[in-house]
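Quick one: structure below, then a few questions.
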Amino acid sequence: MKILIINGPNLNLLGTREPDIYGKRTFDSYFQELRQLYPQHELSYFQSNHEGAIIDKLHEDGFSVAGIVLNAGAYTHTSVAIHDAIKGIKCPVIEVHISNIHNREEFRHKSFIAPACKGSVVGLGFDSYRLAIEHLIHPE
Amino acid sequence: MKILIINGPNLNLLGTREPDIYGKRTFDSYFQELRQLYPQHELSYFQSNHEGAIIDKLHEDGFSVAGIVLNAGAYTHTSVAIHDAIKGIKCPVIEVHISNIHNREEFRHKSFIAPACKGSVVGLGFDSYRLAIEHLIHPE
Amino acid sequence: MKILIINGPNLNLLGTREPDIYGKRTFDSYFQELRQLYPQHELSYFQSNHEGAIIDKLHEDGFSVAGIVLNAGAYTHTSVAIHDAIKGIKCPVIEVHISNIHNREEFRHKSFIAPACKGSVVGLGFDSYRLAIEHLIHPE
Amino acid sequence: MKILIINGPNLNLLGTREPDIYGKRTFDSYFQELRQLYPQHELSYFQSNHEGAIIDKLHEDGFSVAGIVLNAGAYTHTSVAIHDAIKGIKCPVIEVHISNIHNREEFRHKSFIAPACKGSVVGLGFDSYRLAIEHLIHPE
Amino acid sequence: MKILIINGPNLNLLGTREPDIYGKRTFDSYFQELRQLYPQHELSYFQSNHEGAIIDKLHEDGFSVAGIVLNAGAYTHTSVAIHDAIKGIKCPVIEVHISNIHNREEFRHKSFIAPACKGSVVGLGFDSYRLAIEHLIHPE
Amino acid sequence: MKILIINGPNLNLLGTREPDIYGKRTFDSYFQELRQLYPQHELSYFQSNHEGAIIDKLHEDGFSVAGIVLNAGAYTHTSVAIHDAIKGIKCPVIEVHISNIHNREEFRHKSFIAPACKGSVVGLGFDSYRLAIEHLIHPE
Amino acid sequence: MKILIINGPNLNLLGTREPDIYGKRTFDSYFQELRQLYPQHELSYFQSNHEGAIIDKLHEDGFSVAGIVLNAGAYTHTSVAIHDAIKGIKCPVIEVHISNIHNREEFRHKSFIAPACKGSVVGLGFDSYRLAIEHLIHPE
Amino acid sequence: MKILIINGPNLNLLGTREPDIYGKRTFDSYFQELRQLYPQHELSYFQSNHEGAIIDKLHEDGFSVAGIVLNAGAYTHTSVAIHDAIKGIKCPVIEVHISNIHNREEFRHKSFIAPACKGSVVGLGFDSYRLAIEHLIHPE
Amino acid sequence: MKILIINGPNLNLLGTREPDIYGKRTFDSYFQELRQLYPQHELSYFQSNHEGAIIDKLHEDGFSVAGIVLNAGAYTHTSVAIHDAIKGIKCPVIEVHISNIHNREEFRHKSFIAPACKGSVVGLGFDSYRLAIEHLIHPE
Amino acid sequence: MKILIINGPNLNLLGTREPDIYGKRTFDSYFQELRQLYPQHELSYFQSNHEGAIIDKLHEDGFSVAGIVLNAGAYTHTSVAIHDAIKGIKCPVIEVHISNIHNREEFRHKSFIAPACKGSVVGLGFDSYRLAIEHLIHPE
Amino acid sequence: MKILIINGPNLNLLGTREPDIYGKRTFDSYFQELRQLYPQHELSYFQSNHEGAIIDKLHEDGFSVAGIVLNAGAYTHTSVAIHDAIKGIKCPVIEVHISNIHNREEFRHKSFIAPACKGSVVGLGFDSYRLAIEHLIHPE
Amino acid sequence: MKILIINGPNLNLLGTREPDIYGKRTFDSYFQELRQLYPQHELSYFQSNHEGAIIDKLHEDGFSVAGIVLNAGAYTHTSVAIHDAIKGIKCPVIEVHISNIHNREEFRHKSFIAPACKGSVVGLGFDSYRLAIEHLIHPE
């Protein structure tokens, strides 16, 4: 099973950026762990700070992978274009967030992406990614 | 590890109520499966249509169990009192929803409970409950 | 034909409470009249100040009676949970109000329950109940 | 007893217009039935697509009939002028709607006319008219 | 000097309608007084409950009279079309209201017509009309 | 092919009214040009300042013509009744505006009529009418 | 008859301030004209840029003069305290504005003072003051 | 003099719950002190997490006690039903809050209960209860 | 113990102003009673209709008195500057209101001052002042 | 005459994406038809999912082509930057949309781009592009 | 070159008031430094807690100095009157703030004064004043 | 000292774009002047129309330069992602704008970027950049 993880803007700074909120670990080291956890599946990873590049990637892989785990970072709260990209592709997309966006600033409470996704896993740290993958592999 | 699942109003009707949205399976049969999935843990289950009874239960178990999985149903969108109850207890609470509340009516987009919870799993069917339990057992 | 009337919070005070708005008559005496008016039908009556109890009652009778006449009182304006309960049962529900909620305080103008009901009869005093029953018996 | 029924804009299309919402029956045929139902009362009927003509009619008959049943159609949601006309006349006016305006578009949820009327009957099909007449004849 | 007074919907009921707010005098008797007060000017008067008729009249006279005194009644709060008609004609228009619209219902606080008029006289009873005429005759 | 053009309030003043926004040409002279441009089609034209008259006309022709080009003028921003009339008839309606309503006053940004129409052509001067007719004749 | 005119903040700059909106004449020269116009009445004049001083003046004269003409300038749009002062005194107060506040910035459309006044004269230049005095002297 | 204190949801956790906001003392120990402070009066105490139970209690005692001190906890911000219950009974009710609700989350700034109460004492810790009792005993 | 009472705009009119809401007693006579009630404490009193003067007084005494009782009158609803002054001084400030601001006009429901104060006593007549003093003397 | 067509995010998926809304045809095949329709003009085409790339292209061609037809896709509803780019260039831009954005989700009703364009053609399928080109070629 | 610095309410407390936000230095000592920094220019300084006094000062000096640096403190967020005073005078005014008002309370985000000023310098501590002076002396 | 200037979308058009608002000078010529003004510091300059490229640049230089001067152009009003990027880096960022965004369109009044920056300089033309640099070099 092919599963793609997409991280949006500023998530390349994980480990450096606002460690009180996001912790001190880099996403790369976590991604290696995830791969070891699911050796029988093909996990790939993409990060970009460009809204357009995220859309391009969704189009590129969205008809061939079994599912996408998407942390759109700040674009979550502003991007109708990513919403449309998710609706336009074929595989299910699960929205994830590391922090609990509902107890942060007001403008992070609204997700433009949520209604286009199958569902979401929010606030459970890096583990949000694992749970989303869990669900894609065993959807029930 | 003791884990409590709380279901709020109308979730006793699962299997009967609006099958297009919630499916045709009862929660009881699903709960049996969950128990078999985690034989080494002590799962308990509580359902009530009464906001006050949910608060009473959170108080009663919230200092002794390792975590609570809460689907507050419609009270999600209106109850400040359950928000306060979650903040008042000691164990982590994870909010779950069977359907994707973000592509239903506007009034279901706002969760009063989310900011008081550790995180949430939304829209992944009954599997939302399993993932929440997964996280409580292996929080990372 | 079995028809259930449910009265919500504070309607037990009818006859005592704010007589300028609600009049001086108790609901019990009115209910006796209604029974005499429809001797060939089985009318029953339930009142509670508990949102949860109203939901329990809707679940209990909502699959067996021919119709329910619901005056949810103040819960009309705040309860998503009763909205969901109405959607979850099988019989039609007609919303009634004794006073004209549209010329009272702003917060009484919005009904969370109306969209889940078949229709509503508002502002026609106790007679609102009779008209709702009329319609359940002769829906056209 | 003289009772006037006023139908507002587009209700002349009943039977043709959006049959999913309004059914396939014309109002004229229904009005004949109503007359037969209440042979001892004098029912009259007026329809116009003109806001001003509805106001003119309310002024003309509003001091002589015993009551008016008003389905103001789309003017319900925009007309302060009809609101004022109702307040300016002497007989009671009951607002009716065929469909349940509360589960249609957001802009149909607000009635400018409701606060000026005695009460309203909403969502019970053509039967909404009969119930309003019922109440005018036997107000309790 | 030719001056036209236009009264909008329900103002034909003056003397009958809500005497607490509008007093018991008819506009016709007041108009006779106004004429006597300004014998050297040509005052004319038009009333209609039809938004379209008010627009037609504005077009008809708005290029020939010296000024128009307009009490648009309830259309004040809803009519963009009358706003446009005022902007489309040549003579100045002064908005008047008998009652103080700013201490009545919220929906009467907003005037769609005010920005298109030269100015307004509000809340000074019938005298609002006289003052508007005063100004048209002696603009400073 | 029969095509009807309807112009709403104040558009009879074209050529006179606010020439900065609408230009100095009358609609009649433009309509003659349009007729010459489409000699093989039957174009008709109707203008009224009355909301009700526009609705009447939509009902009258809306079941027999091939399409309607509607510039509802100021009623665009306030009329739910015209919205309903468009939904109630059979032929497609295309909304047009001479000026770009999106860079004028805030209250002109919202069109109540747009959701009921097939589409709209806005801001392209009188040419908006020609393009709408173009589309009705060659819908693709 | 004693009549007091109060001018609020920045109105001391009349003649200098934003002449496009307010003209080039000082209020003092206008006030002399007003006095000559009404020789049989005792007109007095007060200006202050201090909200508190306006309130003090209203208290001081509001029980002895026959009426007050108040142009509260910018405090019109922000002062609940002046609203309360008007309600607390005995004589009628008429609100005036030189420019038409309804076609200027959004924040000038709302008057906190209007609901406490008898009425208002808006947008008729300096003549707004004369009309207000006219009304105080001949209230009908 | 009989005085009833009602505490709403989560106030049973006082001493345990969020001690930064509410302190470490239980309400029971405070209630004993209050009783000693007013030995000549009959103080009683009721706590419930159920909105319906609070309403039931208000009905039960609201016609016999001299006054009620009500801390409705989170229901303060959501319950129209408790508002109505207060209006429906005979004795005065004083709203109290331990913490200053006006410098906490936005959703705690609005009290649905305040307009139905005689007055409120907010933010003065447990002492809010004493002051409310003080007032009931010596209302001036 | 030194305690300062500050009264804001229009409270000098107490006894004269709107007696239905504020009663017929002057604050001076009440202040004498308060002094007699607390002979062992040094009570002082200041009133001004000037926002700036209230701020000056808060600065002047706010570092030397034990507490301030502040009824900011209408400035309660508009003054960010008084909010800041309270935050800038050292002693606790308690907000009081004679009437219940929560069942008066909408614009009186919001207090800009409340979040900067320790707490508030609202709606208990003149007794609100006594209770605030009570608390300053015996804060628990 | 040189005319540029720009398509924004996800429009590369036309023919694949949500065929219920957008149809099954690719834009490329349609573009070939357009070219054949206007052999005497030089049509070029650009698509990007990157907001920045669309801005770059507007700058690049916006001083040399005769007009631009822009379907900004989802950026229509969020991009102030494209609005500014349109204002910054010299040629006219016409906004087009394939579907009727006014009867889709609320967030598609607002166009940030419309006020900067000359006009718009909305909801007429691929034909929206042809009509825009028509107008650029024969602006009247 | 004459330059005036105006400080609004509570800025006299600088050095004492909320040192976490504003630091521990008094404005007087800073003002001496500024004078030394610009010996060739004539700097003057005015502080008041009175809105009216700030307006008076703007009028007094606003026609003679070369520029004004204005920190209106809390009046920034509430004063239309200061906005008007700035518009009414001749010299440029630059708004300054010591703290970053955009990451403090919501009500500090809106400046009523900004649109009337030439520009603003915000959040750069006392240095905001120096930069504003820099600009007045060397405007480019 | 290394200082980076970043210009966002459309600022490459400076000198060409809307010269009424932005003047006729190119940023490049201004940047040369700035360099000459601060020969002892290392100024660099970056412009992009791509939100993602601005974020990339902030990440790239934000840990090595002494400060960044950021004019995010239209992204100021829409980009949560740039807000997050600023928070994620180490050096201070100062927001600048050439024009006074507070007296332009409503949608330019809100800055998403301001709360993440140290401060801002707005409306002072190109000089806004110099002042920001001034502050970075001499922060007090």
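By letter and in written order, the chains are A, B, C, D, E, F, G, H, I, J, K and L; residue numbering begins at 1 in each of them.
The criterion applied here is as follows: a residue touches a chain if its C-beta (ideal position, glycine included) is under 8 Å from a C-beta of that chain, and two chains touch if they have at least 3 such contacts.
Every value quoted in this text rests on a predicted model; they were computed, and no experiment measured them.
The minimum number of touch steps separating chain D from chain K is 3.
Common neighbours of chain B and chain I, by the contact definition above: H. Just one of B-C, F-J or H-I has an interface built like that of J-L, with over half of its contact pairs in common by residue number: B-C. Spacing of chain C relative to chain D, judged by their CA centroids, is 23 angstrom. As a whole-number value, the distance joining the C-alpha centres of chain A and chain F reads 47 Å.
With centres defined as mean CA coordinates, chain J is found 54 Å away from chain G.
If you average the Cα atoms of chain B and of chain H, the two centres end up 31 Å apart.
Chain contacts: chain C has residues 50-53, 78 touching two or more partner chains. The set of touching chain pairs reads A-B, A-J, A-L, B-C, B-H, C-D, C-H, D-E, D-F, E-F, E-G, F-J, G-I, G-K, H-I, I-K, J-L, K-L, using the touch definition from the header.
Those residues of chain E whose C-beta lies close enough to touch chain D in the complex are 8-10, 12-13, 16-18, 48-53, 73-75, 77-78, 107-108. Residues 94, 100, 102-103, 109-111, 114-128, 131, 134-135, 138-140 of chain K touch chain L in their complex.
Note for the complex: chain J touches chain L at residues 50-53, 55-56, 59, 78-81, 83-85, 87-88, 112.
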